[in-house]
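Two complexes are shown next, each including chain A; its partner changes from chain B in the first to chain C in the second.
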Partner chain A sequence: MSIRRIAADFPFLATFDAARAGLPGAPIDWLQAARRDGLVRFRDQSLPSRRVESWKYTDLRDLATTDFAAPDGPIGAALRERVAPIGTRNSVRLVIANGRIEPDLSRLTGLPAGVHLMPMSVALDSHTDLLKAHIARVSALDGDGLLALNAAFMMDGYVLVLDDGAQVAPTIEIVFAADGGSGPIALHPRNLIVMGQGSAATVVETHVGDGVYWSNPVSEIVMGQGASLRRYKVQQESAAAFHLAQDRVALASGAHYRGFLGAFGARLARQSVTATINGADAAFDVAGTYLLRDNQHGDITTLVDHAAGGSSSRQVYKGVLDDAARGVFQGKVAVRRDAQKTDAHQLNNALLLSDKAEIDAKPELEIYADDVKCSHGATTGDLDADALFYLQARGIDTATARRLLVSAFVKAALDEIDGEAERARFEVLVDTWLAGTDG
Partner chain B sequence: MTVMLEIKDLHAAVNGKEVLKGINLTINAGEVHAVMGPNGSGKSTLSYVLAGRDGYDVTQGSVMYKGADLIALAPEIRAREGIFLAFQYPVEIPGVAGTTFLKTAYNAIRKHRGEKELDAMQFLKLIREKQKQLDMTDEMVRRAVNVGFSGGEKKRYEMLQMAMLEPALAILDETDSGLDIDALKTVADGINALRDPGRAMLMITHYQRLLDYVVPDFVHVLAGGKIVRSGDKSLALDLEKEGYAVLGTAAA
Partner chain C sequence: MANISESETIGAATTERYKYGFVTDIESDTAPKGLDESTVRFISAKKDEPDWLLQWRLKAFRQWLDKADEEPTWAKVNYPKIDYQDSYYYSAPKQQETLNSLDEVDPKLLETYNKLGIPLQEQMMLAGVAVDAVFDSVSVATTFKEELSKHGVIFCPISEAVQKHPELVKKYLGSVVPVADNFFATLNSAVFTDGSFVYVPEGVRCPMELSTYFRINAAQTGQFERTLIIADKGSYVSYLEGCTAPMRDEHQLHAAVVELIALDDAEIKYSTVQNWYPGDENGKGGIYNFVTKRGACRGRNSKISWTQVETGSAITWKYPSCILQGDNSVGEFYSIAITNNFQQADTGTKMIHMGKDTKSRIISKGISAGHAESTYRGLVKVMPGATGARNFTQCDSLLIGEKCGAHTVPYIEVRNKTAQVEHEATTSKISDDQLLYCRQRGLSAEDATTLIVNGFCRQVLQELPMEFAVEAQKLVGISLEGSVG
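Then we have the complex of A and B:
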């Protein structure tokens, strides 16, 4: 047995045949084949151990020894109540609860012509060719056991398809709610966004839940020429949850991806993002903040692959770690030989509020072109004692002074958000997090 | 006459190094005291000890403020009790809006005094009034605390804060340094406007110039961590002419 994989029993593998009858697309042969194929790969790969370079700082052993069952039934009333107010009254909203679309909480009408939003289970019928191609692409990726497991057990996620030129102005709200209240469950949402030439959309994804569960979403985003996507993600999983998300983004020329991640929840979370820039003048801009306390572990791992010249990328992350929380930032920018005139910027700043908090930051540049502008930086620090004293000397108590300074630190990430309403939303989330500190 | 501040045989260490070596100083309500002295003599250290900065440890002696032990109080409590330190080097705090900062401070102090907190509108009205007297614009007041201010602007912003917070004991650490002639007058007017029988001031300065505008009741010379000479405003004039050499070896 390889030490690069975690040896575990994974009882859910034994129940695969029973479980897949309840998963989307049970009668579809090609999908069943893809699921079986995923299972075979997972049996071979298992979960990566810390001997795998990219998993050096994030340990999945606790996850591997938790006995997760397939989700069974709806989410509880308390969680429903938390989901209900997300977005505005008139938002187009798709709620996926315990791996299935929740029609009562969803509102899929009101989208302009050329914009199609549906759960994966529906898209398998309505957009079969698109889904077939997507699943084949993802299965062919050089991924890890998490990706294979998602292929085997894939559940409802959202599918958003924009025809050429289709633009949707209002924010599309996607909510993932998981309820592990009656025993640990595993969720493997599969999301797909396909954008035609010159199309545009804004999506906010919110992840919430109760109890012990594992959410393992895989998202593929394919952006056509000149397409523009704003994608904001609120990760507020339960304090006992595992959240391991993978995004794969492909950008054609002139496409512009703007992402923001607010990571507040989960006992263990990893957001991995792989972007491939295939066309000139494309821009991939992501930013985020991770605010962690107690024993939370948060990992952000990115790979931006500049495969075409004249493109740009920007990554700005601000992390705040309190108590014994641990943050990981692994950011890699690759610039291929032909990708001249690439402009890539990457920054991770971490603020440690306690002696026991820890950050492991590994920025990496891999540049094969000679005419490029690339910068990366990672800093770690604690609160500025001079600033703290200045505030105290004006009558502001220590806890409030610390909150002001932490909030100022995080603000630099929020400033990256292009959209006032969305920025305000994250500001509220950050303030809520800060109100939970004891100073 | 009520005693505002009574410092007795104060010894204090910074990072384990003794900097203040037996200071005695009594300041009554209504008085303005000027403290002068060579670089490194301990003036800022004294101001930090009074404001309660971490790492500035009193090793001997006592400081009584309004009749109670000051040293036991946390810095924010001292501020709420009416001590204000205008910093020699005001700190830039990126990301914290000046109005948020000052409103938080203002309301913390009001709350401590059992007064009603001001809402955003009331606060803006008040700050507008005060900022005018100090030649500061809305933009400067809204900006992140001290960020991008010139040296002189920082000093004026300290004075704006003082005008807003209306302290009982103001400690001004070289508030006149780096000011042009007009700004010096503006700042001096701001200080004079706050002179009041119920208020005391401790002004640290290197220059006679400020004392022409804000005439002190007493002038002290701090050298080597001790007050080596006290007098009235004429002492400042003598120093201006002769330099600290007149003090002899004690100042070296």
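Then we have the complex of A and C:
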């Protein structure tokens, strides 16, 4: 057993043969082969240990020793009630509960022509060839055991396909709900967004749940020439949950990806994003905020690979860590040999509110082209003493002054959001979190 | 605009030959090739070492054997696997009787120094520099000893310190870089041959800059210097280290260990200019420079400042670090790393904040040209007890030409909320505007580039002592010749 792996033998692994019949695409031979292949790869790779450089700061041993079973049945009534009102303002909604679409809570009608939204289980029938190509593509990626496990146990996620030129005005609301109330369960949603030339869409993903569970979503996003995607993610997993998400994004020339992550939940969370920019004038802009307390561990790991010149990327993350929470930010920008005229910027600011909180940051640049503008910045610290004094001198008590400053710090990240309604939504979430902190 | 100058010169092969590439033929007293326990015993016996040191070496050697598969691979450097049995571990210039003056030194050695331009005699007096010149592995000439001894400063080869000041060596050797620290440090602990020892007593401000020139001479001899500098309470010392090496086709391994200890209110300034043979323009030959340098700010208000100008070596693997234990202690790291042709440099620092109100500052300037790869790799770690810790880090990289690479890998680990840690890094090329401005005023593309690069490095160059600053500025130009536009 290599020191680079953590041995893991989850109960759900043993149910592989039985479980496959109930998972999407059971009658499809190539998919079954892909699942078996994924399991073989997981058996080989297992979970990465901290000796693997990109897992240096995130320890999966607690995950490895939890007895996760396959999900069995729908989510409980209480959770269902919480899910029901999420994003109802938006007309298009897809709810996935315990790895399956929840038709009663979903509303997939009213989409314009050329826009196709469905759960994975449906897409495997209606868009078989497309899914086959993309599933094979993801399987061929240089990935870790988590990606392999997702390939083996792939469950319902959302599939969004936009034809060339298709534009969808209303925000597409996706909700993932997980209920580990009756024992730990493992969920492996697979999402796919394929965007034709010049298409545009806005997606909001919300992740909520109860009890102990492990969500291991993999999202593949392929953007055609000039496509534009706004993708917002609210991570509000239960306080006992593990959330290990990975996004693989590919951008053609002129494509514009705008992402925002609000990470509030989970006992251990990691959002990993790998973006490959394959064409000129493409832009990859991501931002986010991680607000953690108690013993929460939150990890944001990004890799932006400028494979083509004349493209840009921008990353802005702001984290606030209270109690014994630990934040991890690993951001890497790579510029390949001929990717001249690349403009890449990255920033991570962290605020520690407690003596026991910890931040580990590793902003990384790997540059092989000379005519580029690349920069990164990382800061950590307490609130600015001068600013605090300024407010206090104007009669504002310390606790209020601190809260104001923390709020201002976080909201600078929200300014990266392009869209009034979405900004307002994150603002409410941030305010709720801040109300629970004593500054 | 800049395109004109680029097309003129980019691609033109390096023409500046390595100035210091000559070999002095003197009779070496060499240990048989290869490394086993008997090699370690041979070195120890040659040095007439006490038993405790032999045991220390043997313990290190056994640990190194256990580490056989732990040769670091995390650095962004590529080289063929080193055969540690295919190298000599001891090579000393012919043993002399005790030297009373320079006249007794082998004239061939003196000739070498003259070629290198080391100001050993009158020039040295003028320069006010005491030189403990290490020729290969044994220090053969130590000067200004009287002046130093008046102040109680001990400056001698470490092999001499082992004999004359065993209590100091025993107390501090391996206390900053433990024997088991890393693969190369463990190897060094087993087979180190010589190096410098400095002890500055309480309250003494060392009256001159201390300087040592290291040279690697005999072919295929790895050099394993061991340097130990102790600044007692309230003392100050500035130490300069400069390196040149002759041209060789075979890669040569250099695995030194440098340990600095600063007690209460003491300050150590350690400056390095490293211009060892970098290999030729096709990447053949050159030194492997795998060095462990670390300083411990043990006392309150102590300060350790590292300044390095790295222009040589085929591969540089070096992270001069500071452990800030004492309250209010300060660590600094100023670095210029210039890589050209097929050179690879993976260098940076670690600042470990343990004491209250500790401060650190990191300024790193990396310049890559040709097919070279330059990486800044650093760690800023603030421990829970380091209340009020402060760090500022700035890492800038400059790329010259489109075949090179520049990378930045900083690690920031903060476990105290009152710590203020700032890191910023940029990567860019020489701005067309700056180049145009210089060209308009009649400077050649090459001169303009040298000027701009020197400006880019200014923050670091100004930290160097005068003697080094001049040499370093010249080196910047020489290192980039033939590769710039």
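Here is the rule we use: the second predicted complex is superposed on the first by the 432 of 439 C-alpha atoms of A that agree within 3 Å, B and C clash if a C-alpha of one lies under 4 Å from a C-alpha of the other, contacts with A are read in each partner's own complex, and residues count from 1 in each chain.
The rule we apply is simple: a contact is a pair of C-beta atoms (placed from the backbone, for glycine too) under 8 Å apart; a residue touches a chain by one contact, two chains touch by 3 or more.
Small disclaimer: the values here were computed from a predicted structure and weren't measured.
In the superposition on chain A, contact of A:397 is made with chain B only, not with chain C.
Within the superposed three-chain model, A:386 lies in touch with chain B and out of touch with chain C [touch as defined at top].
By the document's definition of touching, of the two partners only chain C reaches A:362; chain B does not. For chain A, the partner that touches more of its residues is C, with chain B and chain C as the two candidates.
With both structures placed on the common chain, the touch criterion links A:375 to chain C but leaves chain B unconnected. Once the two complexes are overlaid on the shared chain, A:408 sits against chain B while remaining clear of chain C. Contacts of A:53 after superposition: chain C is touched, whereas chain B is not reached. Comparing the two complexes, no residue of chain A contacts chain B in one case and chain C in the other.
Interface residues of chain A, counted against chain B in their complex, comprise 384-387, 389-398, 400-401, 404-405, 407-409, 411-412. Residues of chain A touching chain C in their complex: 53, 337-338, 340, 350, 352-382.
If you check the complex, the residues on chain B that touch chain A are 51-54, 74-76, 78-80, 84-85, 87, 90-91, 93-96, 100-102, 104-105, 108-109, 112, 144-145, 161, 165. Across the interface of their complex, chain A is touched by residues 74, 384, 397, 399-429 of chain C.
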